[in-house]
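In the two complexes below, chain A is the common chain; its partner is chain B in one and chain C in the other.
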Partner chain A sequence: MTATIGHASVIAALLLAVWGIIAPVIGSRPGRERFYASTRAAIMGQFFLVTLASLSLIYGLVTTDFSIKYVAFNTTRATPIYYRVTGLWGALEGSLLLWEWILIIFSGLVAWIYKERHRELMPWVLMIFSIVSAFFLVVLGFVSNPFESVFPVPADGRGLNPLLEDANMMTHPPLLYTGFVGLAVPYAFAMAALIRGKLDEAWIVTTRRWTLTAWFFLTMGNLVGAYWSYHVLGWGGYWAWDPVENAAFMPWLPATAFLHSVQVQERRRMLKVWNLSLIIIAFSLTIFGTFLTRSGILSSIHAFSSGPVGTVFLVFLAIVLLGSFGLLAYRADHLKGQPELDSMVSRESAFLLNNVVLVSALFTIFLGTIFPLISEAVAGVQVSVGAPYFNSVTVPLFLLLVFLMGVGPMIAWRKASWDNLRRNFLWPSVASLLFALLLFGWNVRDFFPLLGFTLLAFVVLTILFDTALAVRARHRIAGEGIFSALATLARKNQRRYGGFIVHLGVVLITMGIAGSMGYSVEREATLRTGESLSLGRYRILFQGLKGSQQPTHFRVEGAFRVFNKGEDLGILSPALKFFPAQQSPVGRAVYRSNISDDLYLILSGFSELKENQATLKILVRPMVMWMWVGGLVIFLGTIVAVWPFRQKGRGWRIED
Partner chain B sequence: MRIARSSIVNSQSSRETMAWRRIIITLAVLLPLIGILAYGFTRDPRYINSPLIGRPAAPFAVTLFDGKKLTLDDLKGKTVFLNFWASWCPPCRAEARDLEAAWQTFKDGDVLFLGIDIQDTDEDARAYLKEFNVTYPNGRDLSGKVAVDYGVWGIPETFFIDPQGQITYKHVGSLGSALITAKLDEARRGIVSAKEGKGAYQAVR
Partner chain C sequence: MHKTRRFLIGAAIILAALAYLIYGGMREAIVYFVTPSELKGQESSSKDKFLRMGGMVVAGSLQKDPPNLTYRFQLSDGAQSVPVFFRGIPPDLFSEGKGAVVEGRIGPDGVFVASTIMAKHAEEYSPPPQGKTSTPRSFVPGQEEKRP
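== the complex of A and B ==
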């Protein structure tokens, strides 16, 4: 019954989506404008039906209705209720349904918020949403149907992959999908503007907050993914340049570029074609990312099983790319007449350079990701490029980006005067050079870390300096104290100060990455009870092993007492978990974080329980914690940037 | 007047040519990209032409569910149908009845069916055998060694071994009864297949 309701809703929603595609075309004929109105109804109807379908699947999962194949594969009777719910995105079919659900929620929100505005664009915006939605509904209805039944009904289900039974299962996939799907909003507006030939800045201004919100979710999705990998997979790392990690990261690059370059278009009416291209690329990459995860064309730990769904995705990706860029090429005439750059030393050129760097990084990562395919097509041998390639190419690019992050927000539009440069950059530059000397004195002498930390200091200093000047000005004019002056500044210029805070978050993340990339140390040894292993200022004393039967697995735990320069920090217990149906055990690493470094313990093996002998791997990874703090700071900055503050006498201002 | 008009027409047609040129450039960039992704489907990143086909089968010893021991040497002189499965694997369930039916057909000849259960619990495996009324010998690969020796990565996975102990065919995924008959016949005559076959399978964990 549940399955029937779910499947029927998907099919009905598909019919509405098809109507949502046809209606604006009919409505564009004279005298048939009333058809425009029905595009909105088509979206609202899909919203209702897809929500019903999603709730049906959740209901099936929660009530362990094993007559549904998807439920039988992804839950067991013993699965706790929250992992039953997260089973919605535990495998291919359900995660596609979640994707569609988020898409249609976004579409519904857009249709609702802009009910009275953008009358000319909206039918076409909603048509783009219906096209994307129709594609996902076709997949859900006919290619990988989450409501497929299984007969005979099994007595118990198979359960989630144990690696997925983790608290981050609740955050990482939904955050990432929200980020991916959120990019559909600026994309839909961009396409509508292209279709209608209304190529002013309206679509950019309207979608500003949507883009920033999508960017935020994308950032968080990636960061939480890194955190998950760090604390669950037990190899001490957070990023492996795995194809699917790259697929999740790649849309972030053009989205970031877009966030910056639209400001140039808003101010200077430049870069029109470029901005449209960026958003098309960003949206296509979200489809590409999903395609990569589901098609099985590249090996990855994230890959779902392969099947016909990959082909369907490729066809859709081709339609999106050819349709969007074809339209752009066709309309390019209307996009001319942009002024030239006034000066190479200006905010426009800083943003432009930022874009060039981000797109180069994207190109590099894209090439590295599909390199196995290219090499096989050309040379007949599959060659993968690994982390060394990605690191050596992207590190310099990202350092340049950090530098631009310090320059961009402070340099003047059009043409920076000497006065502007001196006022904003003289003291921060001097101070960061002093900081570099200080680092050098502290034995930070490798080129990249030294350069990296100096640039990070430069960014922080330019931001603090600029804010301090502004606060002083307000203090003089309005007599405000420091905190009320900060609050006023942030409220009056949300984008600028929100952006500053986000930049500080990025600085913290970069600091964590630089510290842990440059200065990690590790050691591995086999210990008997009572023996200890030292690394840096830590000494780890092995106190014994303990085995215990858990509800779903057998767990072997080691007790290790940690000393920091002789001070007893208590016991850490890394474990190995043996799941009955798994060949190799799943490790549970443990770590102790503090502001300067993480101590990370991995139990990599043990002899028979009685002998009390264990192989322990310890890693000391500096500054990893700052990455997660940086995530929180970005969250804060995004809130400052998008929060709809009440403006005096104007009521709530949601969007323009 | 005439001049002005023709220049308008000209500029319009040149604008159209420009638009076409841009569309062609767009296609020239995008089509190879889509092409290379499509090429990805013509191959499976995990697909390796099985190095096992045409080679002597790796020796193994398994304990059967009835407690008897069985080694590869015991099977010399017989055509062996060696099938790896697990109770949690849906494609295995899908082919289970076909396998038993084929066994009923061939068991009187010089053919032996042997099932090896991997990554499973004793209880689940016995329930599975009972559910599908499996009568041919089955054992469990407790240490996972046999599965490793045979490079099993997706089950059901089936090896056809000729009476001389040579692997003649390997199939990943479920088999149909027609294929079973054909490949058993080839194995009996020692005909080695060129490639391994593939059907619906479940990746081993």
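== the complex of A and C ==
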């Protein structure tokens, strides 16, 4: 019954989506206003039906309706209720349904918020949404149907992958999908602008907050994914340059480039073609990412099992790319005659360079990700591209980006004068060079960490310096105190100061990455009870093993007392979890964080046959925590940038 | 004309820098897949390459020394087998008679010195095997679980 409702809703929504594609075309002639109402109704109808379908699947999962194959494969009677709900994105079919659901929520919001506005663009915006939605509905209806039944109905389900039974897994996929799907909004507006030939800045101004919001979710999705990997996968790392991680990260690069380059278009009416291309690429990469993940063409720990879904996604990707760039070529004559760069030393050129670097990073990561495919197809040689490739290629690019992060927001538009350069950069440069000397004296002497930390200091100093100048000016003119001056500045120029805060968050994350990549140490050993192992300032004493029966598994944990230079820090208990349905145990690493480093313990084997023994791996990774703090700072900065402050006499601003 | 030329020079510099980065990175990080049969007889020519070799851990070939965390075993593809040496902690799924992928270099003595072992994950989760419901008393990667 549940399955029938769900499947029927998907099919009905597909019919509405088809109508949502046709109606704007018929309604494009003058005097056919009612077709716009009908286009909107098609979106709202899809919203209702897809919500119904998603709730049906959740209902099936919660009530463990094992007649649905998806439910039988992803829950058991013992699964706690919250993991039953998150089973919605535990496997392929459900996560596609979640994707479609988020897409149609976004579409519904756009249709509702802009009901009376953007009358010229809106029918086409909604049409683009319906096209994307129709694609997902076809997949959900006919290729990988989440409501497929199973017969005979099993007595119990098989259960979620135990690695997914973690609180971060409840948030990571929805965050990432929200980021992916959020990019559909600027994409849809861009396509609508192309279809209408209305290529001024309207589509950019309207979608500014949507883009920033999507970017925020994309950033958080990637960070929470890294945190999950660190927290749960138990290998002591947070990023492995796995194809699926790359798939999630790649759209972030053009999205970030887009966020910056649209400012150049808003301000100087330049880079029109570039911005359109960026958003097309960003959106296509979200589809490509799903293709990579779901086709099983590249093996990965995250990839779900393969099937015909991959091919379907590849076809859709081809349609998106050909259609979008075709439209762009068709409108090429509307996009001519833009202003040119006045000077290489200007904000435009800093932003342009930032874009070049981001797109270069995208290209190198893309190449590394698909190189095994190229190599096998062209030369017949099976190869894989390891993490060292990605590290060695992206580190210089990201350092350049950090430098630009210090320059871009402070340098003047059009042509920077000597005065501007001296005023904004002299003191921060001097101070960061002093900082570099300090680091050198403090034994940070490897090239990349030294350069990296210096550049990061430069960014922080330029931001603080610029803000201090502005606060001082307000203090002199309006007589405001420091905090009220800061508040006024942030409110009057949300994007600038929100952006500053986001940049500070990015600095923190980069410092965490630099510290933990450059200065990690590790050691492993088999210990008997009473033996200890030392690493850096830590000494770890093995005190014994303990086994316990948990609701879903048997757990063996080792007790390890941690000493920091003789000071007793208490016991850490890494564990191995033995799930009945699994051949081998799942490790549960534990770690202890503080501001300078993380102590990470992995129990990889044990024996209590002759005497108690434990095989332990320990890692000391500096500054990991800074990454997670950086994530919070980005959250704060995004809030400052998009919060709809009430402006006098203007009411709530939803756009601009 | 002047502007176009400047643009072209800029683009060429960027592309050259990028190509250099990619070439350097690839040279360091590319890993070649081989099977034990392909490697057999080509030990000397494969000496400088970073290799990834997949196969089956030959049953009865595993010698391990848990206190020192060293493992020696034969990896076979059915036709040929190659001796492998590994120091460290193998993954949970690693054991005799199972598939494994090792990464490393071939030594002058023809022994493959692995820096990483990756065990093959089962694609799907299998139902609980019969008679494996009691509690484990020991788990050492590379060895079947001991359940009393």
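For the reader, a short list of remarks on this structure follows.
Assume the second predicted complex is superposed on the first by the 649 of 656 C-alpha atoms of A that agree within 3 Å, B and C clash if a C-alpha of one lies under 4 Å from a C-alpha of the other, contacts with A are read in each partner's own complex, and residues count from 1 in each chain.
Heads up, the rule we're going with is that a contact is a pair of C-beta atoms (placed from the backbone, for glycine too) under 8 Å apart; a residue touches a chain by one contact, two chains touch by 3 or more.
Here the structure is a predicted model, which is why all the values come from computation and not from measurement.
Of the two partner chains placed around the shared chain by superposition, chain B and chain C are both touched by A:Arg158. Residue contacts after overlaying the shared chain place A:Leu322 against chain B, while chain C stays out of touching range.
When the two complexes are overlaid on their common chain A, residue A:Gln613 makes contact with chain C while staying clear of chain B. Touch criterion met: A:Gly310 reaches chain B, while chain C stays clear of it.
Of the two partner chains, chain C is the only one that A:Glu340 touches; chain B does not reach it. Applying the stated contact rule after C-alpha superposition, one finds that A:Ile370 touches chain B and leaves chain C untouched. Looking at the shared chain after the overlay, A:Leu469 reaches neither chain B nor chain C. Of the two partners chain B and chain C, more residues of chain A are touched by C.
By the document's definition of touching, neither partner reaches A:Leu438: not chain B, not chain C.
Overlap of the chain B and chain C interfaces on chain A comprises residues 158, 161, 305, 382, 580-583.
Residues of chain A touching chain C in their complex: 158-159, 161, 301, 305, 340, 356, 360, 363-364, 367-368, 371, 381-390, 392-393, 396-397, 524-526, 547, 549, 554, 556, 576, 578, 580-587, 602, 604-609, 613, 615, 617.
Per the touch definition, chain A reaches chain B in the complex via residues 73, 150, 158, 161, 291, 295-299, 305-306, 310-311, 314, 317-318, 321-322, 325-326, 328-330, 332-333, 370, 372-374, 376-377, 382, 580-583. Listing the residues of chain C that touch chain A in their complex gives 3, 14, 18, 21-22, 24-26, 28-33, 50, 52, 66-67, 69, 88-89, 92-93, 95, 119, 121-128, 132-133, 135-141, 145-146. Here chain B touches chain A in the complex through residues 15, 18-19, 22-23, 25-27, 30, 33-34, 36-41, 43-46, 86, 88, 90, 119-121, 144, 203-205, going by the rule given at the top.
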